[in-house]
Amino acid sequence: MIGSPFIQREHNSVRLTMAKVMAALIPGTLAHAWFFGPGIFVSLLVCFAFALLFEGLALLMRGCCFKDFIGDGSVLVTAWLFALSVPPLAPWWLYAVGILFAVVVAKHLYGGLGQNPFNPAMVGYAVLIVSFPNYMTQWPGPSYLVMHLPSLAEAFDLVFAGQGAISADAYTMASPLDTVKTLMRAGVAKVDILANPVFGRFSGSGLEWVAGMYLVGGVLLIANRVITWHVPVAFLAAVAASAAVLHAIDPGNNMGPLFHLLTASVMLGAFFIATDPVSGCATPRGKLIFGALAGFLAIIIRSYGGYPDGVAFSILLMNVAAPFIDAYTQPRVYGHAKGGKVGR
Amino acid sequence: MSPETREIIVNGLWKQNPGIVQLLGLCPLLAISNNVVNALSLGLATTLVMAVASGSVAVVRDYIPQAARIPLFVLIIAALVTVVELLMHAYVLALYVVLGVFLPLITTNCIVLARVEAFASKRGTLHSVLDAVMMGLGLTLVLVVLGGLREVFGKGTLLSGLDLVFGPVAKDWVIQVVPDYQGLLLAILPPGAFIGLGLIIAARNWLEGMRARRARVDSPLGQTA
Amino acid sequence: MIEFRNRILVTASALLAFAMFGAALLSGTFQLTRPAIEQSERAAKMKLIAQVLPPDGFDNDLIRAARPLPADPLLGLRHPGEAYLAMRHGQPVAVVLEAAAPDGYSGEIRFLVGIRPDGTVAGVRVTSHHETPGLGDYIEIGKSPWVRVFDGKSLADPQPVNWKVRKDGGLFDYMAGATITPRALVKAVRRTLEYFQAHRNELLATTKEQP
Amino acid sequence: MLSAILVMAAIGLALGVILGWAEVRFKVADNPLVDKIDKILPQTQCGQCGFPGCRPYAEAIARHEADINLCPPGGEHGIRQLADLLGVEFKPLGEGRAPKPKSVAIIDENLCIGCTLCIQACPVDAIVGSSKQMHTIVADVCTGCELCLAPCPVDCIHMEVIHENVGSWKWRYPVFPIHSEPAGTA
Amino acid sequence: MTQPIYSFPGGLHPADHKAESNGRPIAAAPLVPRYQVPLRQHAGQPAKAIVHAGDTVLRGQLIAIPDGRISAAVHAPTSGRVVAVGPHPVAHPSGLADLSVVIEADGRDEAVAMMPLAWRDMDPAELREHLADMGLVGLGGAVFPSHVKLAPGPLAIDTLILNGAECEPWITCDDRLMRERAAEVMRGAEIMRHLLGARELLVGIEDNKPEAVAAMQAACAGGNARVVVVPTRYPSGGAKQLVQLLTGLEVPTGKLSTDIGIQVFNVATAYALQRAVELGEPLISRIVTVTGHVARPGNYEVRLGTPIAELIALAGGELPGASGQLIGGPLMGFDLDTPQAPVTKGVNCIIITSADLFPPRPRAMPCTRCGLCAQACPVRLQPYEMYLYARAKDLDKARAYNLADCIECGCCSYVCPSHIPLVDYYRFAKSELAAREREQHAAELARERHDFHSERLEREKREKAERLGRKASERLEAGAVAADDPEAARKKALLEAAVERARKAKEAAAPPANTDHLSPAQQAEIEAIEARRAQAGLGGGSAPAPDEQPDTVAEKT
């Protein structure tokens, strides 16, 4: 028997929330396609297909509510975020391995929807960058900088038939973060590095627009009350502050805050990944701490770590700490003392 | 086989498996399981130390004063480990280099001390040796499975590095499981050890759970739970 | 009080006895295995050095022929290393130098270079590095044969301007991904050759071995 | 070689003296664990565990002589608490022990002959009455241990299960009504 | 009129559905032939019936007296004959029957003599004495006995708050009451102020009831009470939330509002108090909203004990497609098991449900910790954490997340996108914890009694031993003076006495049975009998079949 309340908020479901998140991802995805070619649609499609396949298989194996869960949309959000995090035009099996780890290992082995301690998309990304770093660093360059950006049909070929048809050199470029990391290690002066055409006005050429579109989508999410402002604001503020401090200490070897803020992964992380309620913090103060530490770690890993980007690792690291932070940031409950006004 | 003997064997290999049930000795388990050969070598070295340590403790157990129990056990184990280390250094140098610090670390492997303390110091010599060997083999089993998994997924081979034990002849014994394999590097790297061990533990729990469920359905009280 | 003293005595003597027995056991094993350990250590080192030597072989005791190598910046060494001179029929066939590339992606890459008297490389083997797995670790011979690109190269072939990775306009191939690692190694091998050129005579001097 | 043995011997001797002294000096005597265990037990004093009362059972558990799953009135929750306290694995109630519904003893007042045997048997003095007088059970204090049933010569005592009423009713663990799915997806 | 300057966190704005029932004036319900008056209509101990089947009663006659301090009297709703005192269906979430007095109305509706009180001239203590037997309880839903709340606590009451917020959707009984009988309500409130000695009197009303606000403001005009209009937001009508809204203060956890000098009463309680004091009429009726999927939704003044089915009929009956009834509002009420249950003091609203008005809750999905529940919680709890532990039956953990502070308002369940019935888990955990506490208490009691019992046995044994020992030594002193060593002799005597005692105890423990000390012949005969019995299928003699029981008993005695 189920008791009161006997009414529920209308138009309110997990599926709807997921749909809103996906809607907010559209601007960023379109911007990505505009600058880096339609390859992103192919990888997105491939990721969706594998995600639904693995989700379905996992649900069937677990023997629980296949019909209820297959349509909840959570796996599509995971697949979408994953597809935006990995280079498009990589071989299909790369996406399969990433999605396998994201959906089966990171999500269903821990109990499925709502039970995963780590953000599944980021687990998939981390597995790939650690296992196949060479594929994961081959990003297509902006259309106006590379020789030939594959069309939709060529993208299909690349993903499914391998790289025979068109040479990777024709469309790939070192990503801005990669360039920064490699050249700075090699001792090239910062001015010379920034002369590289992959840099735009503030950050990566083209990528700064994608980042901006993620920002637009994220603001829409906040306006729609799908997420609260705490995590993104804390995350971005911490990224800016940490980058500013490092830049102030050693301007020759560190990029400024604006460069870091306007990288696509920072914006995607701030609004779509660090805000994942399942694996993040839930108390208001906890969200602030979570976001701030994740942003700080992202910059630290970017600057001193072995891989060019650190957003995924920083968020995964903070995922581990989230329950702990939550436990220590419980809001003061009505009628409980401690700073609050209780009684006369 | 007496029921007691059988229980010791089952406990060591499955029920109380040190690697995936008691979760003891994880440090070498995780560090040295990146391929089958390393895993097997460390597992057997540990088993050897365990057998001799348990046996000798069981022999002298009546003469060990209560307060000096742990220091004495550690003394015996440390001495044995050092002997094994010296021997390996002398005769299988390549393996000795690969196993590195984890060889002397057998001394601090909890499972060795745990079996000495929990079993050998209270039971007869033969049973103690059997228990130690079974526990050691249980650990070796987990190590080999984990090493095999990591090697196959990480490199697509099995038994690579066999030449470290048997000399260059053994280079041809390496089994290429998947030809032209890309290599899931994660499996070879340290995180792969954790994920692999987790999966093995999960698999064991799943098996046990299935067995328990089947037992429950068979019992008259079935279906209620 | 008697009881008290007895307890202490029993504990202490048990520990004493076991400690003495253990120490004796270890000392004995140590004495027994020492020659075997020394021998296998030497064999292992020989095996590594032999990899960078010309295949036609040598007939002297390399380890005993080792001579100190200063921490020269050209070699990239932070501490003095060693050079091994291989000879056949009293003639030097190659010299093996320890060297390091200090500017790898994640720190120092140490390697051995075998150089023939004519200045060509007989072989390069990386002995230790910290490069990112999957990106920079193909310099290990166990992971990839890439490091063989140095075989037969010398300061004259290719020309010094071409002692670079392809990306920087040189002749050396590299594998997809980061270029820092091969770049560092190419540079370091070239410098080692320069060092050899500068110190050729002393390195190849077949001074009679000390009695 | 000799030096190695001597060094080890000296260390062994020194440590041995320290250990022996510490053993005598820091002996732990009392066992506060018994109280903690006793606090978890339901105090029905029914003896179903095979010990004459809750405290003796607690002492046996503390001495590792008795298992933690022998107390039916304590139920699963009790075993769980004991397992937590002692840091051991939870195990279901022992063989042949099943928790009974909570009940209270009732004396059939027409049959009672006033022999006082049940009064002596009751571990919590829940039965009032005196020789040759009819006895009554104070229901509020009765723990339902059934120890009074056996001694009664006329079998005038029976157990009555305490049923739930509006006052003692508990909200149930939520069970979802199945709207959409017919079967097979439980 | 100053606006409230305070607020509480969280809360909801559900569709209020007040218009359905607040358009019509309160209608008096006619008499029905049969009334069932439950003895438990209030918080605390049920009342004790003082009438029996066959008694005749008059309207307002006391039929059950309070049992203990936290309890309330029950009165006959009309004149008639008591036909039964026994379990009857009641409006309770459990659906269990409860002890009720069933009265068959005689239709004359004769009343007992009622005594109006000139309260302004009376001492509060004296007035309270009169009130104790009037059966007054809080009519907002908590049904806590009013005479307890009207007694002064350790702290002087500074502020008296009249709760007219009525924040739950659908319910309009307080709205109509304030519109139509504002003066009486305010007079009741004045009596309360008199009893409590409160300085300030505030009336909190939500701003979706402008007519009620106007009426109450008119009734307050000239007096020193103040109507405070609060924004419409559920659950502003929760006592603690209203206190927070009007004063900005929080009631400390585990304490009452009186601990901070504030007392809160529902407007309907004030009205009932006014009737009890100024008319001398005990609580025998109340205003009930009947609304939802029913022909004529509205408010009815109903005698307590009226079967709910009769009341629904009065409101024109259920419309086709009705699926059940809710008691109370949709957020905190409960599903009624049977409309045969009567209206009681706590029943403020009956909602006839239909699938359109109350669509079934969709299947629950797993919690995604989205945090909407925490944002909606008016007491700033973390509902998803409590749910997690309550669901896992880890009640101690759930308690550590302040489960006890949950007011079960239902906001979290309302907003949950996973449609998890969160409050059900809390209710389960809370009642389980309460039961556990009761058990713990019983165990403490049993331990004490057992310790005492053991000690008594010990003492008796010791005293007996001493007695025997004394006797032995007396004998010793009298008889064997010549013994060499009196100490040894005494010890020996004690020993003998102890052995004797043990022998006796053994005998006492194993009373001689008629099967002891038998001759071989007798033994053989018994065995033959046993064999015959076994053949007859009666089983071994040691386990007599039940029908043999009397025989065995006879043998023993």
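Labels for the chains are A, B, C, D and E, by order of writing; each one numbers its residues from 1.
We take it that a contact is a pair of C-beta atoms (placed from the backbone, for glycine too) under 8 Å apart; a residue touches a chain by one contact, two chains touch by 3 or more.
These numbers come from a predicted model, not from an experiment.
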_Can you give me the shortest step count from subunit A to subunit B, moving only between touching chains?_
1
_Farthest-lying chain, centroid of Cα atoms versus that of subunit B_ = E
*If we define chain centres by averaging CA atoms, which chain lands farthest from subunit C? Would you check?*
E
*Highest contact-pair count belongs to which two chains?*
A-E
*Between subunit E and subunit B, distance of the C-alpha-averaged centres to the nearest whole Å*: 61
*When the centre of a chain is set as the mean of its C-alpha atoms, what distance in Å lies between subunit C and subunit E?*
85
_Please tell me the distance, in whole Å, between the geometric centres of subunit A and subunit D computed from their C-alpha atoms._
54
_Quick check: how many Å separate the C-alpha centres of subunit B and subunit D?_
40
*asked:* For subunit C, give me the residues that contact two or more of the other chains.
replied: 7, 10-11, 14-15, 18-19, 22, 26, 133-134
*Enumerate the residues of subunit B that touch no fewer than two other chains.*
65, 67-68, 71, 75, 183, 185, 189
*What parts of subunit E, by residue number, touch at least two of the other chains?*
93, 362-363, 421, 424, 427
*Considering the complex alone, what residue numbers of subunit B touch subunit C?*
63-65, 67-68, 71-72, 75-76, 78-79, 82-83, 86-87, 89-91, 93-94, 97, 183, 185, 188-189
_Residues of subunit E that touch subunit D when the two form their complex_ = 40, 46, 90, 92-94, 96, 98, 360, 362-364, 393, 421, 424-425, 427-428, 430-432, 434-436, 439, 442-447, 449-450, 452-454, 456, 549, 553, 556-557
_List the residues on subunit B that touch subunit A in their complex, please._
182-187, 189, 191, 195, 199, 202
*Which positions of subunit B touch subunit D when the two form their complex?*
65-68, 71, 75
*asked:* Give the list of subunit C residues in touch with subunit A in this complex.
replied: 103, 105-106, 132-135, 175-180, 183
